[in-house]
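Following this line, the structures themselves.
Below are two complexes that have chain A in common, paired first with chain B and then with chain C.
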Partner chain A sequence: MKVTFPAMGNTRIAIKALLEGLRLEVIPPPPITKKTIELGVKYSPEFACMPLKINVGNFIEAIEKGADTIVMAGGWGPCRFGYYAQVEREILKDLGYDFKMVILEAPDFKLSELFTQIRDLAENVSFLEALKAVKFAWDKLKAVEVMEKDLEYYLPRVKEKDKAESIYDYALESIDKAYSKKKIDNILAEARNAFCNLDFHGENILKIGLLGEIYTILEPAANYDIVRHLGRLNAEVCRAVYTSSWINDHLLGGILGKSNHKHIVQCAHAYLGSWVGGHGQETVGCAVDFARRGYDGIIQIGPLTCMPEIVAQSVLNRVKGEENIPCITLYFDEHAGTAGISTRLEAFVDMLGRKKEREGTKVPVEIFG
Partner chain B sequence: MICYLGVDIGSVSSNFVLIDQTGKLKKKVYIRTQGNPVKAIKEGYLMLKEGEGIEFEIRGVGTTGSGRHLASILLGADVVKNEITAHAVAASCLYPEVKTIIEIGGQDSKIIILDRGIVTDFAMNTVCAAGTGSFLDQQAARLNIPIEEFGRKAVLSSQPVRIAGRCGVFAESDMIHKQQMGYPVEDILMGLCEALVRNYMNNVAKGKRIEELVVFQGGVAANIGLRKAFENFLEMKINVPEHYNVMGAIGAAVLAKEYIEQKRIKTAFKGEEFILEGEFVSKSFECGGCPNLCEVVCIKRDDKPLAYWGDRCRRWETSLNKGDRRNLKVV
Partner chain C sequence: MKRVGIPQGLFYYYYYPLWKVFFTFLGAEVVKSSPTSKKTVDIGVNLAVDEACFPIKVYYGHVSDLLKKDVDYIFVPRFISIETRSYICPKFMGLPDMIKAGIKELPEIIDMTVDLSRTDKGFKQEILKTGSFFTNNKKKIKEAYNYALEEYKRFGELVRQGYTRQEAIKVWEGEEVFLSEKADLNIGVLGHGYSLYDDFISMSIVKRLRDMGAKVHLPEHIKGEDIEKEAASLPKRVFWTLGRKMVGSAFYMDKNSDIDGIIYVACFGCGPDSLIGEVIERKVKKPFMLLTVDEHTGEGGIVTRLEAFCDMLIRRRKLSESNISCYG
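Now for the complex of A and B:
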């Protein structure tokens, strides 16, 4: 059995560790490139959203590399994602590929359901080993997120952006290869050290909250690497979604320590009282939360045609006015040119910077005498 | 005379302005880009230099528009700014109380909302070109009317026809239908203006509160039919600045001036010889470094590469400073 799974940003590192820990042969999806997206777009329904298209491209490339089993997440509720595993299976079957698809469903009420599903995937692994695998994958996930947060913090502050990016890239690669918790800790310490040794420019940093649909936030290939793009414009990004907190809130019911999910839902209440599927309500809640925590602006992102985010976008208009925070929405699709996106991001960052800097102090220059 | 140069390289037009130390506009050049921004930059600079015989010394350069990066490579710019900021700066210099800017150019249209001289919100058209200058250009060509006379003819209409403005293609077929029914040309022209305004309001300005003072700028502001259509729709006075078609360039020049004066540094301007005497060639190739197969563009001056862009991983873009390009593959 050679197992593959959908790529979703750096969670790939943790998923790979988990499956390997369950003594499965893993073929991780090859990096998402233009070719992956082309394949996905070619074989997916046109009105499906970007995540489905990338998934399909991932799976085709992984199957061609020898994978015969696909592990995919299920789901429920108004977001179409819950049905994607089935749709993808049918698309790939129609294309004549031979494979098995294992769909992991989020547990309805009992955590043990999820664990049983994982156990079923790995028949010849003892309970203890399975537990160990889960723990190690969790360690890797946490480490990856420390790196992501470090990049979000240091990239806008340092002079040499290229260097910061290569420290990050190198660290992630090393975490992926690491086989012990100790090694991971070393990598993190080294990377942090390298970041601290870079030159800082000392200029003002803007703080921007990034929120919206989870896949688009986590997968740089689906958002034109918006975190780095903003970092290069000296804006620090705080994401509304990190995988570990998502797992804690949505799969584990908050058993792994403090969760601010309740607080976010409460923030949303004045604007959007019901769960509209996907991350709709969380998007609104996080926007309110970011505004009250004094962020300079918020950017909502999602795949084109994403229903929950469209609902949230219309509500954000009110949040923008009442909480007094600038906000833009960007939808990503396979043919969105980078020029348009960078113009909008630049203009947004500029707007926030000028607003912060010169509020009320400007004496206009005379043109046209 | 000490001057600051502002350059706006757009999809349709390329604009050049010189402002003096007090911010007064000294000279402007408006030419068509015609798909060749390198040539347009050379020509525009030459035209700026010609005539009048005033010697000017360029202390700072600002570029904007979709060709801003290219222009900054060719000229050596101190400030490279997006169009939104540039337009907002220019308008708020001229009208300090401006609250709303309607800017319609060749390929895009924007709305900018300001509060006491600072941008607080903006939007750009996303999907459709029905609300832009190119659309009017095309329809004028179909009706065999020079675009310059479009507005003057349109305002003669007493009963504009209703044309669907949702989509450029549908608007065109709707217009042809009205033509075949025999409606007078001026009524059709005014109908087109109204369709464009509706499209703009629905697609670009949706959800934004439009307050006075409203400034209308960009090449399309020349069209008095459109000015009237906006006035009718908004029931507000629409202000069109004297130099409406070069506002982006003015904004870029003002930004360059602010930047240079604040930082007290020497300009990055590369000088006249660099732009006028060199032979600039742009070449594109597909990078074979990974399956992304990015289309990389290279700008060369007399065989010396000045800049690369278009690669997602930036290995070409950053290669010039490092000098080491051994591991770069070209297919």
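Now for the complex of A and C:
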């Protein structure tokens, strides 16, 4: 059994570690390239959202590299993601591929059932080994997120952006290869050290909250690498979504430490009175939260036609007026012209910068309408 | 007398008789927005975010239209779920909030929450809450709801008699609607009711097909249990109520030898349509056409495609008839 899985940013490192820990032969999806997206777009429904198209591209490339089993997550709506696996299986079958699809989902999502499904996948490991694999994957996930946060912090502050990026890239590669917790800790310490030794420019930094749909936030190939883009414009990005906190909030019910999920939902409540599937309500809540914590601006991102994000976007119009925070929404699809996105990001950052310079005199919110 | 405005969009086509009787029974006057027109669309497109689907934009236009009609309340229900373990669509779940954020100087919004995904306990509370805008008499509110439910059932029977939902509403209100019996072709037409039966959104697809000499079969004309049975043949239950109805209807029509072809009317930007349309297209063996509608109003494209589809069905039938051996 050669297992593959859908790519979602750096979570691939953790998922790979988990599956390998379960003594499965893993064929990780090849890095997402233009070709991956082209393949996905060619065979997916025209109006499906971007993650589905990238998934299909991932799977085709992985199957061609020899994978015969796909591990995919499911769900019960109302977001389209819950039906992804079904449609993807039909598409790949009609293309003539021979494979098995394991869908991790339960009628009412309970952690115990997820464990049973993982156990079925890994028949020949003991419970202790499985637990170890989960623990190690979790360690890697946390390490990856430390690196991501470091990059978000240092990239806007240093003079040598290229060097900061190569430190980050090298560290991620090393984490992927690492086989012990100790090794991971060493990598993190070294990377932190290297970041600190870079030259800092000492200028003012803008703080921007990045919120929206989880896949688009986590997968650089689906968001034109927006974190680095903003970092190079001397803007520090704070993301609303991290995989580990998502798992803690949604799968574990917050048992792994304090979660601010309740607070976020409370923030959203005055603007959006119901959950709307996906990350819609969290997006609104985080926007309110960022505004109250004094961020300079917020950027909402999501795949084109994403239903929960459209609801959130409609409501954000009110949030930006009442909480007085500039906000733009960017939707991404397979269209590959980066210039349009760059121009809009630069304009937004310039505007925030000017607003900050004239401290006290507020820029009318209408400008960002 | 308090005036309640009901926008002529989205679930209007499914529940208008229920709402109208309920509010009228409680002593309110029910005011509908004007039927969808170019103007409704223009206003809606301006108010809604660009990425919203067409029916949602039209709904903004209808709410805005009601502002001119001097109403005390506008009824904008929040539909989370109308049956167990299924949803409508995220946009319905956030609708009252979207409307409040998008339109200024609104009268008071009655935003009843319909969530039957687990139990109907909360729903009863919501009915009382909605009724309490007009009376404090709980018994009267319950009576109004039961009475409205009766009328809703009568409306449901009308819908099953070959009318579209829009025609059924007209018949229910006492108008006469004439259905032609003469039909050469039998075509199944699927789509979300709020886009299919709104003559402006769907560019009167049903009427056009009838004019071309086709009898139009709609999901409403098929028995509920038949739809569910067919829909259950998929490996995973479709968790969108309307989406599942369409999958079931499409499979049922596919097996029904009377039906020559199936047309699916999808809305540009509709989430469920993008996947459901794909599932149906991959499974159905009969001639199948997916038409996507949006705010552009070029009717030529739609007419040409409908004509081509009908011509193709007729030619196809001649072809298969000529395949029958002349020697018996």
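Going forward, the second predicted complex is superposed on the first by the 353 of 369 C-alpha atoms of A that agree within 3 Å, B and C clash if a C-alpha of one lies under 4 Å from a C-alpha of the other, contacts with A are read in each partner's own complex, and residues count from 1 in each chain.
Here is the rule we go by: a contact is a pair of C-beta atoms (placed from the backbone, for glycine too) under 8 Å apart; a residue touches a chain by one contact, two chains touch by 3 or more.
Note that the coordinates shown come from a computational prediction; the quantities given were computed from them, not determined experimentally.
Of the two partner chains, chain B is the only one that A:Lys34 touches; chain C does not reach it.
Once chain A of one complex is fitted onto chain A of the other, the partner contacts of A:Gln86 are limited to chain C, with no touch recorded for chain B. Shared-chain residue A:Asn317: touches chain B and chain C both. Looking at the shared chain after the overlay, A:Gly66 reaches neither chain B nor chain C. By the touch criterion stated above, A:Ala339 is placed in contact with chain B alone, chain C being left untouched. Using the contact criterion defined above for the overlaid structures, shared-chain residue A:Pro326 touches chain B, although it does not reach chain C. By the touch criterion defined above, A:Lys355 reaches chain B but does not reach chain C.
In the superposed model, more residues of chain A are touched by C than by the other of chain B and chain C. In the three-chain superposition model, chain A touches both chain B and chain C at residues 317, 331. Chain contact summary for the complex, chain C toward chain A: residues 48-49, 51-52, 78, 80, 85-91, 93-94, 96-98, 100-102, 111, 113, 234-236, 238-240, 266, 268-275, 277-279, 282, 292.
Interface residues of chain A, counted against chain B in their complex, comprise 30-31, 33-36, 162, 225, 317, 320, 326, 331, 339-340, 343-344, 346-348, 350-351, 354-355, 358-360, 362, 364-369.
Contact residues of chain B toward chain A in the complex are 19, 22-25, 66, 81-85, 90, 92-94, 96, 116-122, 124, 126, 207, 242-243, 250, 254, 257, 290-294, 312, 314, 318. Across the interface of their complex, chain C is touched by residues 45-49, 74, 76-80, 82-83, 85-87, 90-91, 94, 271-278, 280, 304-308, 310-318, 329, 331 of chain A.
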